[in-house]
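For reference, the structures are reproduced in the following blocks.
Each of the next two complexes has chain A plus one other chain: chain B in the first, chain C in the second.
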Partner chain A sequence: MNAIGWPNWRRLNQEGIVFAIAILLFAAAALGLPGFLAADNLVAIVRSVSVLGILALGMAVVIIGRGIDLSAVAIMAMSVAWYLQLLNTGTSDGLAFVYVLAGVLAIGLLNGFLVAYADVPAIFVTLATGSFVFGYVRSQLITQDAVPVPGGHWVELLGGVRFLDIPVEVFVFAGLAFLVFLFLRYTKWGRFIYFAGDNPVAARNIGVPVRPMLVLRYVLSAFVALIAGLLTAASLHSINTRIVNSTLLYDIVLVAVIGGIGLSGGRGGVRNVLVGAALIGILLNAMTIIDIPLLYQNLIKAAILLGAIIVDGIINPRDEQTTQQGDI
Partner chain B sequence: MRLLRTLMAAATALAVTAFAAPSLAADDPGPAAYAKALNGKRVMLVPLAMGFDLAQGWAHYLKKEVEAWGGTFETRDPNWVVDAGAQAITDAIASDTRPDVLIIHAPDLNSYSKLMKKAQAAGTYVLLVDNPANFPADAFVGSDWDKLGQLEAEAAIKGCGENSSKKIGLVQGDQANSSSLYQYAGIMKVLEKHPDFQVVAKPDSNWDATTSRNVTTTMLQQHPDICSIIDFWDGDATGASAAIRDAKLDGKVFLVTTGGGEKAADCDKLQDGTYGAVVMTDLARQSGDMNAIIKFLLQSGQPAGTSHTYIYTLEKATTKADLKPDSCWDLKALQAEAAAK
Partner chain C sequence: MNFRERLQAWRFNLVPDHLVGEILTKRWTDNAIPFLALVATLGVFGSIIPGFFKLTSLQESTRQLGEFSLVVIGVTVVMLGGGIDLSVGSIFALSCFSAVYVFFILEQSIWLALAAALCTGLVFGAINGYLVGYLRLRAFLTTLVTFIFGRALFDILVTTYAADVQLSQASSDVLDFIGDGTFWGLSVSVWLAIILAIVTHIALTRSRPGWHVLAVGGSRRSAHNAGIRVRRTVFMTYVFSGFCASIGGFLIACRLSGAGPGTGLNLEIMALTAAVVGGVSLGGGRGSVVKGLMGAIIVLTMTNGLIRLGYGTGTNQMVLGILLAVAVTIDIRWLKNRHKVLNEVYVAPVYLKMGETQSAAPGSGTSYELDNRLSAADHIGLGELEGPEDVILDRDDHLYCGTRHGEIVRFFAPDYRRSEVFAHIGGFPLGLAFDRDGNLISCVGAMGLYSVSPDREVKRLSAETTRSWTSIVDDARLRDPNDCDIAPDGRIYFTDSTKRYDAHDWALDSIENRATGRLLVYDPKDGSTKTLLDGYRYTNGVCMAHDGKSLFFAESWACRVHRYWLEGPKAGTAECVIRDMPGYPDNINRASDGNYWMAWLGMRTPSFDLSLRHPDMRKRMTRRLPQDEWLFPNINTGGVVKFNEKGGIVEALGDLSGNAHPMVTSMREHKGYLFVGGILNNRIGRYKIEGADPNWTSPASYWGAKA
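This part shows the complex of A and B:
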């Protein structure tokens, strides 16, 4: 990578490979599929991966710091489901939002605290808190899998917001991507995340507040999940907690990892998320236009991902450092 | 003295007999036999999940009736996880309190077949509800999905009209669930008879509203002149309707779906024009069918697995024009009723 951050084409890494595949697919679809290049379809592609991309941004920040947040989808669905349930049972909007905000903050803090101070591996902590959030909210706080948005509420109106005929979640995705980019690249704490992800012990030795920063990352991830959930509810006028059982969580990790954010931490950035999201978006859209059944779609998606990882393994063999530290 | 006592006793006995005689004539053997066969029997419902309208409606109506005849009613909540459902069934069969009737909402054609066979071998009657499976259950109660698909297709054709593009889009569920496969077959049967109508796309939603929205957006993008879309379940048709709304095609695309006839899920959305037609299951009647077959099986004395009955629920495509106050049942009202107890 050079100074302005463009990929170095002479040394093709996973991001480059995935980007190349995305471009190839795009070109093939543009030539072969009528209507693919239409402005509306391009907007639809970006929109279809907006929520996924937003969640992947939060996940990316956590992964770069050598962690993982498996509670993201549970937080996304359950926080919003609880919010809507409170509204439907007559709690005032302000109070309901404060409750939910406090809940999301608490789960983010709990995740961060257990990982940073109790030294429990992130994968176990977040797996457990995710299940807890789902189980508690589903059994104690809401009565139904699907909770509708009350008519005329701002969440419903949000779903109808358009600028230049482009849905609001595209702008939120773009805005958040830009903010995370600024945070990771130009703030001190953003840079520290790379240090801590690359070598936590060395980072602590030079005086980086490694543990408080870990907590911050999980809190950030939880808030990003809340935003993603609100956007989902805005578009569908309801939230279905069944999504927690879906493959969305793996798709989020996938978008981050396939874009080239190493699970061993310390590497990658917003651009990797965008590349990963672009590939998934183009792939799904093209396959839907061709009308490929879902079973084959999953097969093709998995085959392309596997291919990218294998090629990356050949071009970029595991180095001494990764071998010693191991992936998560 | 002794004579008097004997006389009095005789008189009492006579009086008792005299009073008892008319009631003897009216002594219907039914209630006693009914109580003997049913009292203390256990009924268990294992739906795909307890968190959605159909399961909650069934549970409400079944519980009311089973408890009224002195039985025990229980539910298990696998929460859409097939393994968890299998575990629940296995545990139920093995437990000391093995249910006498097991009502299973199968996730696909085959997953629970072996377990259901085991249940029958242990002496438990197995009822399949809503989703058929490759298994000769004691009874199947639910929709004839093929017929349901035909009704959807007819509603879509009617919704399109003669002067339309005659292009129909399908949003299928998946390629494993019998309700999705048979629904598709039924739709195609009707469309074969109307060769001027064509299916322009048939993506799967995997029963997820966001996926339904994304594939419908693409479908409308490719074929903006689609006159009707059939989404295979009201649980994800909210996504298809969001796509139609976003494409500013409200009122131009006639959205057909199917559901359990719950007020907020179906009737309200017919009323506000989100859905053009919904093929609704009469849930109270379907639950009534289950109650009747349970009562029959428990009194029949036949071993589990010896008879196979299909009880298809009457289905009807409802549009805004034929909405009546009692077209739907109200989950909120049922929940309030349960909470009041």
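This part shows the complex of A and C:
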């Protein structure tokens, strides 16, 4: 597989395997599970992975640049929770949105700054900021775990928008996927992400603005998280901040990694996210139809993620002689 | 001295700037920040929470602290080995459940419950270790996934068995004691944490497996190349972490007599934060159990304190997030910039106003007037030698000198064309002297005082002296032993030029100009080394006076020669006999006519003398300019000076061509010839002294005619 993500069919690769498994699963579910092939259910599958997929797009951009963003779910849930709280307490819509947007961008900038300019490993920065964002918003800005959308607000209306009986988040997911594809594939900045992810030092030596690009990625990721949060609130008519403590974050990493985006950076693209999302969507849907309890679903997902990481480790082995010290 | 200079002198000579650099060289400075944070945390929370330090309140919080510390010790060891373990929360919870299941549901003994808990932890740790150590997966993500896996498993088990545990009738005195009892005022969990901390500390600092962990964490590649089994070592760190977490899990099972959905929640981020806040470095190699424990106390005090102060949901996460981000950033920046900071602040120049001197220029008519006589010297070992700092001849007229390769080379009489390596010592052999039995005593730069017997056996005589009470850098170690001479009673008097710099950094010492040179004595009778005098600006050459009752020693950067009395009314004191010379004195040796030869390694220049009166300028220079643009003492011209017993200058010899002997660090008279060496020279010169006693030799002068 080359850097852009075009498959090399002479060699088996992770994306191909996952895609094949997804098709097999799809076929097996279609044959074995009643109602799986119904149009409603297929829409439900795509819908269920839309938010996950959107978050995974943001994560993918960060991972391709050899980083990771563990604060995505916290930003997603807490920014929207704060936004709704502001609306519920009477702040004007425009002002509230400006506040939230500024907050989201500030966290993205902080992540990027600490990773790029203070040289702190991304996992620690985002782990810390994720914890901080959740703790700060939960303890200082909102009063309860779940914040409802005020009646008649555009977020609520957004949740009801249908086109050809397909809910709006599917279109948002498709549109964002296309935008990210264009960004990664056809813009200078997108190419720079691959360079920086593949070999940061070399990228810096040829004059790529590695550090500003790092900041840009974390800001993008935070912004994507905000969009995902708004869509979640739109479909559920409220946002529950407990989602931060759920396994959603690991599902996002799972979608990106299982689709074949190497954690060592520089590889993969939007198509890998789509493949990963397809597999996870089918899997979750099938498990729900078979009626596997949520706790067991977590166990199964964790096992799959572990398998994906092991396969990733074997396909993209870490080179003992060139690995940087402290790269954990 | 005008007012500005007086201010400068006060500012730079009285304010101990150099201590900052010396403190920064200490590894314990890494501990200082977490320790201060610990004191501050305890102080703040202790003062705003009423009854914080009450015994009952402490008892309850220390019980929790004991369990938490156990987990942190495990995480610390993993981090020291260069990894990270986020699954400790799951291991903790699962071990707790195992113990609960075995005790309450299977109704087995408490010891079996303990075994079950330990087994759970070890197996879970082994899985982590296998994945990260042997399969070399990324530690962070892998343990994150095993954490989710373990958590999911725990949630399933707890929901399935919660009711059964509630209904169980099992009880045990041991369990109650572990959970609630105290032993000498401390709970079992605290005792266990203390014992494990001590054992782990000793293992890490004083045992082979512990060193392997630190080596792997410090540099995986080097550890691998050194033959350490890196993968197995990494594996073992995770097993150990699993073990520690499982003990914690067992303790909480005893304390709460059950397991609930909240058991071990957020423990991983707390433990990670504790280790990092304590100063255990990410990426491994730096840190200690004590640091981990300090971090554990800080984190637990903060989170518990905030709960008791009544702050709501989420405050803990907020505080943990801030703590983690700040601690990680400080850790990374500190590790990265410590050397830079140290380099910047270590050189701390002082003010010195050198006295007016007489000119040494040819034709100036002073007693220091240099001529061109040394340029006529024959050369020995031209092109073969590098850095003969000192030269000496034995009773059989063979010539010895040290080289910068750490060897002592012998040239054979009579023509000195053949040579051999007499002995290899290492370091940079500088001053040489023969003792009564013909052993060659040498001051070896950066190593100490050594003796080479006639049959070439190398023996270390001394590498340290007693440490002074007020020192911050270890001034017991001899950093720059420079020259030695031997008294009639066999005691070896030698100089150690500086306490602050290693031998090869002598130029930095000259720029700093701080008086840290010493005169020491080694007593061969009991092997002891004592410091006689301290506080000279680069003590250098030493020479016993002809009568053996006093010795002369040179103070290079102050251009002075002192006389130290061994006997007589002034015994044990020093007096300055020559001051304000135009050159920087080096080795001093006896001359056949009852006078003394003294080498000049370089000449004073008005510009450097002026810079000595501007310490701020030198400080800026060392910080802002590359080393090859610094102003140094001039060592491109030197010479040889003869002075008499009273300190009067008799004559001066030089090489004005600058070809053969531009700088001289040593000279030795032997049978009418003067043998000349220079530390930066590529030869030894042999100069015929007019009118000198053709039979006089140094060994005979010291130890009498051949027996």
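Miscellaneous remarks
Heads up, the rule we're going with is that the second predicted complex is superposed on the first by the 289 of 328 C-alpha atoms of A that agree within 3 Å, B and C clash if a C-alpha of one lies under 4 Å from a C-alpha of the other, contacts with A are read in each partner's own complex, and residues count from 1 in each chain.
Here is the rule we use: contacts are C-beta pairs under 8 Å (C-beta built on N, C-alpha and C of every residue); 3 or more make two chains touch, one makes a residue touch a chain.
All of these numbers come straight from a predicted model, not from anything done at the bench.
Residue contacts after overlaying the shared chain place A:Thr232 against chain B, while chain C stays out of touching range.
When the two structures are aligned on the shared chain, A:Pro148 is found in touch with chain B, with no touch to chain C.
Look at A:Asp291: by the touch rule set out above, it reaches chain B but stays clear of chain C. Contacts of A:Thr91 after superposition on the shared chain: neither chain B nor chain C is touched.
When both complexes are overlaid on chain A, the residue A:Ala44 reaches chain B alone and has no touch with chain C. Contact with chain C, but none with chain B, is seen for A:Asp119 once the two complexes are overlaid on the shared chain. Of the two partner chains, both chain B and chain C are touched by A:Arg138. After superposition on the shared chain, chain A has more residues touched by C, the comparison being chain B against chain C. When the two complexes are overlaid on their common chain A, residue A:Ile243 makes contact with chain B while staying clear of chain C. After overlaying the two complexes on the shared chain, residue contacts for A:Leu306 are found with chain C alone; chain B is out of touch. Touching of chain A by both chain B and chain C, each in its own complex, is seen for residues 138, 145, 295. Chain A contributes residues 34-35, 38, 40-41, 44, 47-48, 51, 138, 143-146, 148, 159-160, 167, 232, 235-238, 240-243, 245-246, 284-285, 288-289, 291, 293-295 to its touches with chain B in the complex.
Interface residues of chain C facing chain A in the complex, by the touch rule stated above, are 82-84, 131, 135-142, 144-146, 148-149, 151-153, 155-156, 159, 219-221, 224, 269, 272, 276, 282-284, 311-322, 324-325, 328-329, 332-333, 336. Of all residues in chain A, only 68, 114, 118-121, 123-125, 127-140, 145, 247, 250, 253, 263, 295-296, 298-299, 301-303, 305-306, 309-310, 313-314, 317-318, 320-321, 323, 325-328 touch chain C in the complex they form.
Chain contact summary for the complex, chain B toward chain A: residues 49, 51-53, 56, 79-81, 174-175, 201-204, 206-210, 213-215, 217-219, 221-222, 235, 238-239, 242, 245-246, 264, 331, 335.
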